[in-house]
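Next up: some structures, all given as structure tokens.
Shared chain: chain A. Partners: chain B in the first complex, chain C in the second.
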Partner chain A sequence: MTGHVPSATAGTEDVVAVVVLLTEFAMLRAPLLRSQVRLYALQSLAVSVLAVVVAATRHEADVYALAGLSFALKVVIVPSVMTRLLRDVEVDLAGSAKLGVASSTLVALGVSVFGFFAIGSLHVHSSLLPSTTLAVASAVVLVAFVLIVLRSDVVSQAMGFFSLENGVSIASLVVAAGLPLVVETTFLFDLLVAVVAFGIIMRVHHGRSKTLSTDELDRLRG
Partner chain B sequence: MTVGLAVVVPKAVQALQVLTIMLGAPLVSGVIAHAEARLQGRRGPRILQPYYDIVKLFGKETLVTDQSSWVFLAAPVVAFSCYLIVPLLIPVLTTYGLPLGYMGDILGGGFVLALAGFCVALAAAESGAPYAQLGSSRAMTFGALVEPTILFVVFAVGLITSTDLPYALAATVRSSSEILRPGHVLAAVAFFLVVLVDTGRIPVETHTGTLELGMIDEARTLEHSGPALALLKWGSTMKQLILYTILINVFVAPFGLSSNGAPLSVVGAIAALLGKAMLLGLVFAVIDNLFSKLRLFKITEFLAAAFGIAVLAVVVFYVGPT
Partner chain C sequence: MGAVLVVLVVLPFLVGALSYAVPVAASKVLAPVSGAAAFALSIALVPSVVSRGHVTAGSELRVDALSVVFLLATSFLYFATAVFSAGYLHLGRDAAGTRYGRRFYAGLNVFCWAMLAAPLVSDLALLWVAIEVTTVVSALLVAIDGTQSATEAAWKYILIASMGLGIALLATILLYYAGTSVFGAGYELSYVKMLAGAHRFPAPVMRLTFVLAVLGYGTKMGLVPVHTWLPDAHSEAPSPISALLSGALLATSFYAILRYFQVTAAATGSTFPRNVLLVFGLASLALAALYLLRQRDMKRMLAYSSVEHMGILAIGMSFGVTLAFVGVLLHVLAHAAAKGTAFFGAGSVVAKFGTKDMAALRGGVGALPWSGSMLVAAVLALSALPPFGLFRSEFLIVSGGLSDPRYGVAAVLVGLAMVSFLGLSWSTTQTMLTAGPADPEAAAVGVAAGRVATGGSRAVTKGEVSPWIVVAMALGIAALLLLGVHVPADLSRLLDHAAHELGSRR
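Here is the complex of A and B:
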């Protein structure tokens, strides 16, 4: 089972990616909406650190700029906007999840194992494609899906969506670090659009039904 | 003469491993307590306070309830000797196994630690006092829930090194960037959470608290007094340092150890170990101040999370990309 030993660089990327995965798990079980936003900020910080590591080891000056941008946007702006929105709606606790904490953690474990398995079964051995980090990234994306599916309030779903973007960022960083800065920045602006959209949903939904739970939306069906 | 030296030096270093844990443990606890107090804006106790406490308790008389038998007095001694045995098995000062180092593997060390915990719980149950019994039953319940996590961490270790010797894992971590594989990181995080539980720290227990209803490990020693209590207190600081040593010298940073047993390098290794343990202790002190204690029935969720991470560590080895 020893397999091939990763280089120090790939190893560092792995560690940061695992930190992102662990914060994703933590988001899954965080009952306070505020703490979920904080965990997202922490996770984004880890992604920015990963970008710096990638930039340093692969000598891509562009990626430093990307790291700075993603820090400004995902660690500072998005969390502060979400916190302000949360302060306005005065809802503290996330709505009850569709499954209990233990079951949803088990489901998340299951899908992340599937993520590892899926990338592992590709059998790619290349120094250009760090498949371990890619596997962790896919696990992050899948757990984010679980968060979106199982939580039934707007904030958790928004956070799940944003952190899904974090997972995709990791994958794109390690697979295609040399991608033109313009393309990468476009992804970040996509995120900004999503923040605006989710912000509007939050306000309108809370304005109409005095709650953030999406279960209430069932009643709109004709 | 040289042959004699070759026999004596490893044994001397081995004895030094035990002495380091024994004499260094109260110091590490003192530094943590001091740092914690400073973080809370208090002046805090002296760093050497744990030593004074232990010396003071040794000078006091032992009181025993009339319901309890010899077990009540024997348990602290047995527990203390268990904590003296474990440092023989783990890499405290050296990178290579000392004469008795291969006497047991990680599981063996775990069993000896579990025996110590069992003895203390037994003595607490034997005292017949309600709070001590409550502590003993809680400690055993949560101990049973922590056990699977430890097992899976050991499995992950076994998958990395193909052995379950702590020395072998430490050597693997040192020799390559093995430490940076996802499975290893997850196993280390799971073990970190186990240390958090086993040393009775915040999210699980307020270790400085005096409220009996919230106690787990602390409640077990409520009925002891005098030298027996001194041994229990000293033992719990040793248990803390042993767990820190395993986390540091086996999982995270097995650096600064002596590789040849030369006197200077051994002294350096002692300083390195205590320094690293104090740094780790600072991390625990910060965690203590950042989080609040979990409700008793939420602790199982915390333990389940640790278990989940440990399981993921093992599974990643089997299904993940190699």
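Here is the complex of A and C:
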């Protein structure tokens, strides 16, 4: 624990968080599923960088280990699992989005502004923790929701969920860097298990309906 | 007693791992034994928790009266479901049957392990992890049949529940954020510690935390408007999994909400969290009651009944008096027994008639004299008819509401519960108790004992699907009667302790 965090490092954290938010917007408009997976890898890389920054500035040695784990899992394993799935199913274009690129970007802008100011309006000024990064993180989470809602194929929706998790990771890095390493590692392990389960269900879906689109998944209602 | 916690958190997982390796015939025995052991160990915890307040093992495992209530509900259903599965699964001796059986039993045990681990851990971050594991495992179990609709249900379930849990994780982190103002930047997120420091947490952060926690864990609990995965997953999963989802998983998520309720009530006073739960509870109860009136699919009907009961739990918490809290916790136990039994019965009926459409299930009691009648009994129990446990618990909740006093809410609760009662009991008795149209003599005299009814054009022979199904359902009915007629003294003390842990205004 270092007590007061100098404003310069808080600035670095904010910059990285904004990079994550920007990649989230890029994912929202990426038409190719492969490019969406690449953008996710890039976003995860930014999150791992943030972990290194946090570890260096707050002298939390644990967090270096976390950065390594998060790099291995989110930059290497998850994208390669998804790429292999895409190669096997030979589908490349994302399913039609429910809104055009411009409209969905506007919606995403709206919700991210909302998220940013909603956290800002809490008026919690802690000397230990940067509220701005938390606000950006909540904007990432909300844009991920927009992505999941507006895309109608299983890969985009899964990538949306994984990037939602990236948004929560930023929040947890800046707010809860002091969480015990065992807990943080369990979070990551959990994500790994979730990725496997998502992958299995996606394959089953593709095996049955020969498509990645969710348009077929509308039989259960009432 | 600490060793009991360790065994509870290790045994089901080991059995799950073992089930993947040993022949399915061995798993059929292992799972009920493990379930019975878990239930016995949970019962063994009751006296020491009542006398000493809590039991701990190491720094991460801790149970108090509240946790033990949920352990009892989950372990009972683990046991009953394992017994039911032995009769329900008709696995061929070929490779496909073996593969299915191994996956099923490994999943069943690991699913129960995660649900048992949730109330055992004291760290709220680990609680989140346990609940996320339940999502992943149960989504795979929902998809296990591999049909188009099972895949659809599993996809909706894993996506919506994971998004909900993403919000719950945000709530966990915000709670940590609130705690840093008291404990500094590095500490463990145990609920004991949070409760001790909560009065100094910033109130706006705690309010946001609670809303996010209810929204996040409420997604898994099936609160309206984030319940949308629930009817699909419950109806498309194999019946043993439906029973666990409805009776134990929803309760486990409710447990998480109760922990946030405790901390938030300590930080901001209980009015705010009670009002949040009131809104979600009323919405759930109202929507579920309306859907119950027009539901024609047996398992979807039971799923909406779960939404209804989760709404009743949330409303019960909103009354904020000890009487209502005791009712809520008793309701958790009774709902587990009733919904488990009902889904077992639905599984039996579906296996017999080959459909879930209630119009085709005419003459169910005639064809299945034991499981059919116990299914009707379980549905009547779910409608809160005496002498079953849910009557007692809903009575306590409503009395709590009248003493709060929130006459309006209590009246709405009773009114909507009546509507659900109508929907549930009308459609069930209409189909199960009437004779099949192809048998005019039976139709004329009603269902006489021993007469075989037929469903639609399909001839159905009389006789149970399996004795194990009857045994599992009898376990549930016995528990419901016990909770309704005479609550054991130790259990009654446990519920009182747990209700006091939830706090109250008087």
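Please note the rule applied: the second predicted complex is superposed on the first by the 212 of 222 C-alpha atoms of A that agree within 3 Å, B and C clash if a C-alpha of one lies under 4 Å from a C-alpha of the other, contacts with A are read in each partner's own complex, and residues count from 1 in each chain.
By our rule, a residue touches a chain if its C-beta (ideal position, glycine included) is under 8 Å from a C-beta of that chain, and two chains touch if they have at least 3 such contacts.
Only a predicted model underlies this, so the values are computations on that prediction, with no experimental measurement involved.
Undergrad: For the three-chain model obtained by superposing on chain A, do chain B and chain C clash or fit?
TA: fit
Undergrad: For A:44, select first, second, both or neither according to whether it touches chain B, chain C, the two together, or no partner.
TA: A:44 sits against neither chain B nor chain C.
Undergrad: Given the superposition on chain A, what is the angle at the CA centre of chain A with arms to the CA centres of chain B and chain C, as a multiple of 10 degrees?
TA: Computed from the C-alpha centres, it is 160 degrees.
Undergrad: By the touch definition at the top of the document, which applies to A:101: first (chain B), second (chain C), both, or neither?
TA: first
Undergrad: Decide which partner touches more residues of chain A, taking chain B and chain C as the two options.
TA: So, of the two partners, C touches more residues of chain A.
Undergrad: If we overlay the two complexes on their shared chain A, which of chain B and chain C does A:122 touch? Say first, second, both or neither.
TA: So A:122 meets both chain B and chain C here.
Undergrad: Is A:156 touching the first partner chain B, the second partner chain C, both, or neither of them?
TA: neither
Undergrad: Give one of first, second, both or neither to describe whether A:112 is in contact with chain B, with chain C, with both, or with none.
TA: After superposition on chain A, A:112 lies in contact with chain B alone.
Undergrad: Counting only touches as set out at the top, which of chain B and chain C does A:197 meet: first, second, both, neither?
TA: second
Undergrad: Between chain B and chain C, once the two complexes are placed on the common chain, what is the minimum CA to CA distance in Å?
TA: Value for chain B versus chain C, nearest C-alpha atoms: 14 Å.
Undergrad: After overlaying the two complexes on chain A, where does the chain B footprint on chain A coincide with the chain C footprint?
TA: Comparing the two interfaces on chain A, one with chain B and one with chain C, the shared residues are 1, 122-124, 134.
Undergrad: Spell out the part of chain B that touches chain A in their complex, as residue ranges.
TA: That would be residues 159-160, 162, 176-182, 185-186, 189, 301, 304-305, 308-309, 311-312, 315-322 of chain B.
Undergrad: Given the complex with chain A, which residues does chain C contribute to the contact?
TA: Contact set of chain C toward chain A: 123, 125-126, 129, 132-133, 135-137, 139-140, 143, 146-149, 151-156, 158-159, 162-163, 166-167, 169-170, 173-174, 176-177, 180-181, 184-189, 202, 204-205, 208, 231-232, 235-236, 291, 294-295, 297, 300.
Undergrad: How about chain A: which of its residues touch chain B in the complex?
TA: Residue positions touching the partner: 1-8, 10-12, 14-15, 17-18, 22, 25, 29, 101-102, 105-106, 109, 112-113, 116-117, 119-120, 122-124, 131-132, 134-136.
Undergrad: Can you list the residues on chain A that touch chain C in the complex?
TA: 1, 58, 60, 122-124, 126, 128-129, 134, 138, 141, 144-145, 148, 154, 157-158, 161, 164-165, 168, 171-172, 175-180, 183, 186-187, 190, 193-194, 196-198, 200-202, 204-205, 208-209, 214, 216-220, 222
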